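Labels run A, B, C and D following the written order; every chain starts at residue 1.
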Amino acid sequence: MNKKISIIGGDLRIKKLAEMLAKDGNKVYTYGLDKQENIIQCETIKELVESADIIIGPVPFSSNGKTINATFSNNEIQIEDLTKELKNKTFIAGAIRDNVYELLKNNNVEIIDILKREELSVLNSISTAEGAIQIAMEQTEITLCGSNVLILGFGRIGKVLAKMLLGIGANVYCEARKPHDLAWIQAYGYTPIDIKKLNENLNKFDVIINTIPSIVLDASNLDKLKEDCLVIDLASNPGGVDKQEIKKKNIKFVWALSLPGKVAPVTSAKYIKETIYNILEIG
Amino acid sequence: MNKKISIIGGDLRIKKLAEMLAKDGNKVYTYGLDKQENIIQCETIKELVESADIIIGPVPFSSNGKTINATFSNNEIQIEDLTKELKNKTFIAGAIRDNVYELLKNNNVEIIDILKREELSVLNSISTAEGAIQIAMEQTEITLCGSNVLILGFGRIGKVLAKMLLGIGANVYCEARKPHDLAWIQAYGYTPIDIKKLNENLNKFDVIINTIPSIVLDASNLDKLKEDCLVIDLASNPGGVDKQEIKKKNIKFVWALSLPGKVAPVTSAKYIKETIYNILEIG
Amino acid sequence: MNKKISIIGGDLRIKKLAEMLAKDGNKVYTYGLDKQENIIQCETIKELVESADIIIGPVPFSSNGKTINATFSNNEIQIEDLTKELKNKTFIAGAIRDNVYELLKNNNVEIIDILKREELSVLNSISTAEGAIQIAMEQTEITLCGSNVLILGFGRIGKVLAKMLLGIGANVYCEARKPHDLAWIQAYGYTPIDIKKLNENLNKFDVIINTIPSIVLDASNLDKLKEDCLVIDLASNPGGVDKQEIKKKNIKFVWALSLPGKVAPVTSAKYIKETIYNILEIG
Amino acid sequence: MNKKISIIGGDLRIKKLAEMLAKDGNKVYTYGLDKQENIIQCETIKELVESADIIIGPVPFSSNGKTINATFSNNEIQIEDLTKELKNKTFIAGAIRDNVYELLKNNNVEIIDILKREELSVLNSISTAEGAIQIAMEQTEITLCGSNVLILGFGRIGKVLAKMLLGIGANVYCEARKPHDLAWIQAYGYTPIDIKKLNENLNKFDVIINTIPSIVLDASNLDKLKEDCLVIDLASNPGGVDKQEIKKKNIKFVWALSLPGKVAPVTSAKYIKETIYNILEIG
């Protein structure tokens, strides 16, 4: 590949990413990451930025808007210490906030938020789906094979999850609202559940996995569940499950967020790498 | 269901549709269709239209813009003889041309072109995919199981086709242009082929099925094919294959259009019925 | 591979086999087959037999017990004209009758009936299953996807057929007698039908495919079928369907035998080749 | 179902079994199990045995050959205290040792070792396969989807495991020795690995799951593994992996035994119930 790539901060995924980029033949520079074979650790941010035209930051870039996320760094890395050096570069990171765009607006920097890349979302849904399946296996006393599983929402995660669950041998039901989503569910061989008829179907499920980021399982719906039903919510705040109600009803519940980095950091790193290659039009 | 539904003209699918609608408990009236049990054959269009608030026409409605398609009718049925009677009704048919909208513009008719319904397109892609597989089986001396099959285009038909071919045991390769489509291809377990690298990969396929309605397999690409490769084009005019070139090169080729009505008229009728129920919000 | 292999007689599959063996780098001699590139056509059986230590005959070897099956030969080839030359050789063919063993008993010939090789039976079941699916597609007005298909018998063909049909999207029901077969059917995600309860379940099937070589669908069972049910019998004489009864009841019926050679001669040739390599312990 | 069934001892699966049998309408008696709704707890073994003609013991029946396995009992239950009461009964348990047969030989008892029932072995392989997948998910930093997984042995567990892993999206390789098993592997769409060529293929796997109860992965084979390869052994003593060598080489290794009862006690109970119904020819 023969590119020069600089990486600042990051967690285990970014560390693995650095390793993979180097293995592919790129010259990789890091700052705020552990020492790794065949990778050049820079002493200063200036040195890091000057070494390459492509600068990669963590995913997400910053949790507080001030410092760059850097699991392996002993010192805090200030966002501004990076932005003042970044000029005429390509800068790639995840969940980049407005203040970073503002800081870089006069620097002629091409800023790419990798979490807005559709292909990365698709690939991450593989890891999320597998993580959800792992949780379902761990939290039940039954096999998924032969059990009745309902997926709420037929977006990216719902689609991948349905495919995998069917592959394991579950009876897969998918809830959707739009007629063409219900048609797709039918075409893929799952059982469609029109959201209008959700309530009357809820009593047969062993596992329910939600992917919709607004309350679907409210008090009335939760009343219908089997007592040993497991509910997993994959949607970010507020999620699709009324948390107070489900606790009150004593139904087994797991709210699982950010699964890709947790259950498959190496695969996540690989997907980030593939997306970077797409952005750079190499590979 | 208990609706009154009038049907004018149509082919075998519409005849089956009438039968299914009646079986579901609807009161069905026809004009220009064979006599069928439990269905009322009307003597005049006026009688047909007055009998119900929902009027269903053929799919497609007219081939020439003047008469209504009616395989089973001995006489031609003029479009204008219908439109002059249609007032304050819901009118559903397929591929309705501008002149019909024009003729009905003052009649307070709700016109619905069923071929513009996304769910029907999805469901029809099931029939198209199965028809393509049947052709591939008939036209080759190999089993699809174990053979290398390339699908050009990852739209509705491409998606369903890939799933079925994998299910039969083929080695499924899908060509796409956009990174997120390539990511989906990967997520579903097929081998992605970036269109930029299509040319260098073409020599390994036993069957190629095109779904893209613009020329993909041109002279240069066709040169790369194995001599016993079968090419099936499912895309409407001009299709994705240079017809003159493929003939010149003596490669086995089938241009297969309008498969749903041909390979599975009963299933097609069922899908039209389901879509009508969605439109009418019943079922 | 570098073996010397002689081939006598045969049909399209054996012709393709000769071609494949030559392509793999073996030196191939034929008698009673068309001229082919890179293959040596022998003038006499003596010459053919002397050229190699491995002699391959057709599959099946003879239909009448006197002459060797040879679709492409203008002249009849007498079995005895071969056997008198065969000494200290390995002889491979299909469905070899007792009289051939008798004729060769003093010739120090290793005789291998390739149709008794378990792996070839397994591989041929792929072709048979695909052929059955092709017939089902051709003979129905519905898609297999979404339809109810019953397979009678869960042996080799039943297993492969069930897998493919599920892959296409059919609702797959498998009939079996033994509890452990019913357990396997469940493990693979099909719906098990205990033969004891067959009669009460028959009214829901769109397609029934039999693989059991003794009458399962008798008059009483046939009475239960839907009027538009398609029945395909893959079992050799007497098959699993009462032929007189099904005709009387006017149910659509196809008795499909010897499918591998018909629907996929090239794949069949490849499987014969792989089996020969197993026998010779090469490849 | 309306049978009278007595149950002695047992673990969580047997407790769930009692519950399910009662739910199906049978009259259930227990001894040495927790109190459960709708189930009669007997005071003495004599009372238990006299209440029903079918007596069910734990699976396995005894770990030491003297006392009956009874997780929920405060007191030890001596095998002889049961056998002296058992006369003219049907007795069903798992892994029944010779001494029990000896003790019962004059009592006219029909003894059935449920672990010798083929259908239960098949059904348990579902739970074992799912348990192995759960372990693989937990112990790796990659997704199974897209990774290279090798299964050693194509028996019951190998078959179910291969199916599920393919369904999740892994690249599935299956090792076997016999040509017809290799043919089956091909027919099911996995990549066959002839055991003769195992050594040269080992360097590409992310996960290896063994099902063969004799050493396959010896020092020489283990040398070939990728350093981050995970090895899971599902085979009982001695297993298929040289334990000392794998420890020495610092390869991640899990020896996972008796998974059904651990990962899916409720499903295990259901399968025991189904097998009992098969034995009793009810259901």
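As a working rule, a contact is a pair of C-beta atoms (placed from the backbone, for glycine too) under 8 Å apart; a residue touches a chain by one contact, two chains touch by 3 or more.
These figures come from a predicted structure and were not determined experimentally.
Of all chains in the assembly, those touching subunit A and also subunit B are C, D. Counted as hops between touching chains, the shortest connection from subunit A to subunit C is 1. Interface comparison, A-D against B-D: more C-beta pairs in contact at A-D. A separation of 36 Å divides the Cα centre of subunit A from that of subunit D. Once the centre of each chain is set as its mean CA position, subunit B and subunit D turn out to be 49 Å apart. Looking at subunit D, one finds that residues 126, 145-146, 163, 169, 186-187 touch two or more other chains.
In the complex of the two chains, the subunit C residues touching subunit D come out as 117-123, 125-126, 160, 163, 179-180, 182-184, 186-188, 275, 278. Remark: subunit D residues 126-127, 129-130, 133-134, 137-138, 140-147, 163-164, 166-169, 263-267 touch subunit A in the complex. Every residue of subunit C that touches subunit A in the complex is listed here, in rising order: 145-146, 169, 186-189.
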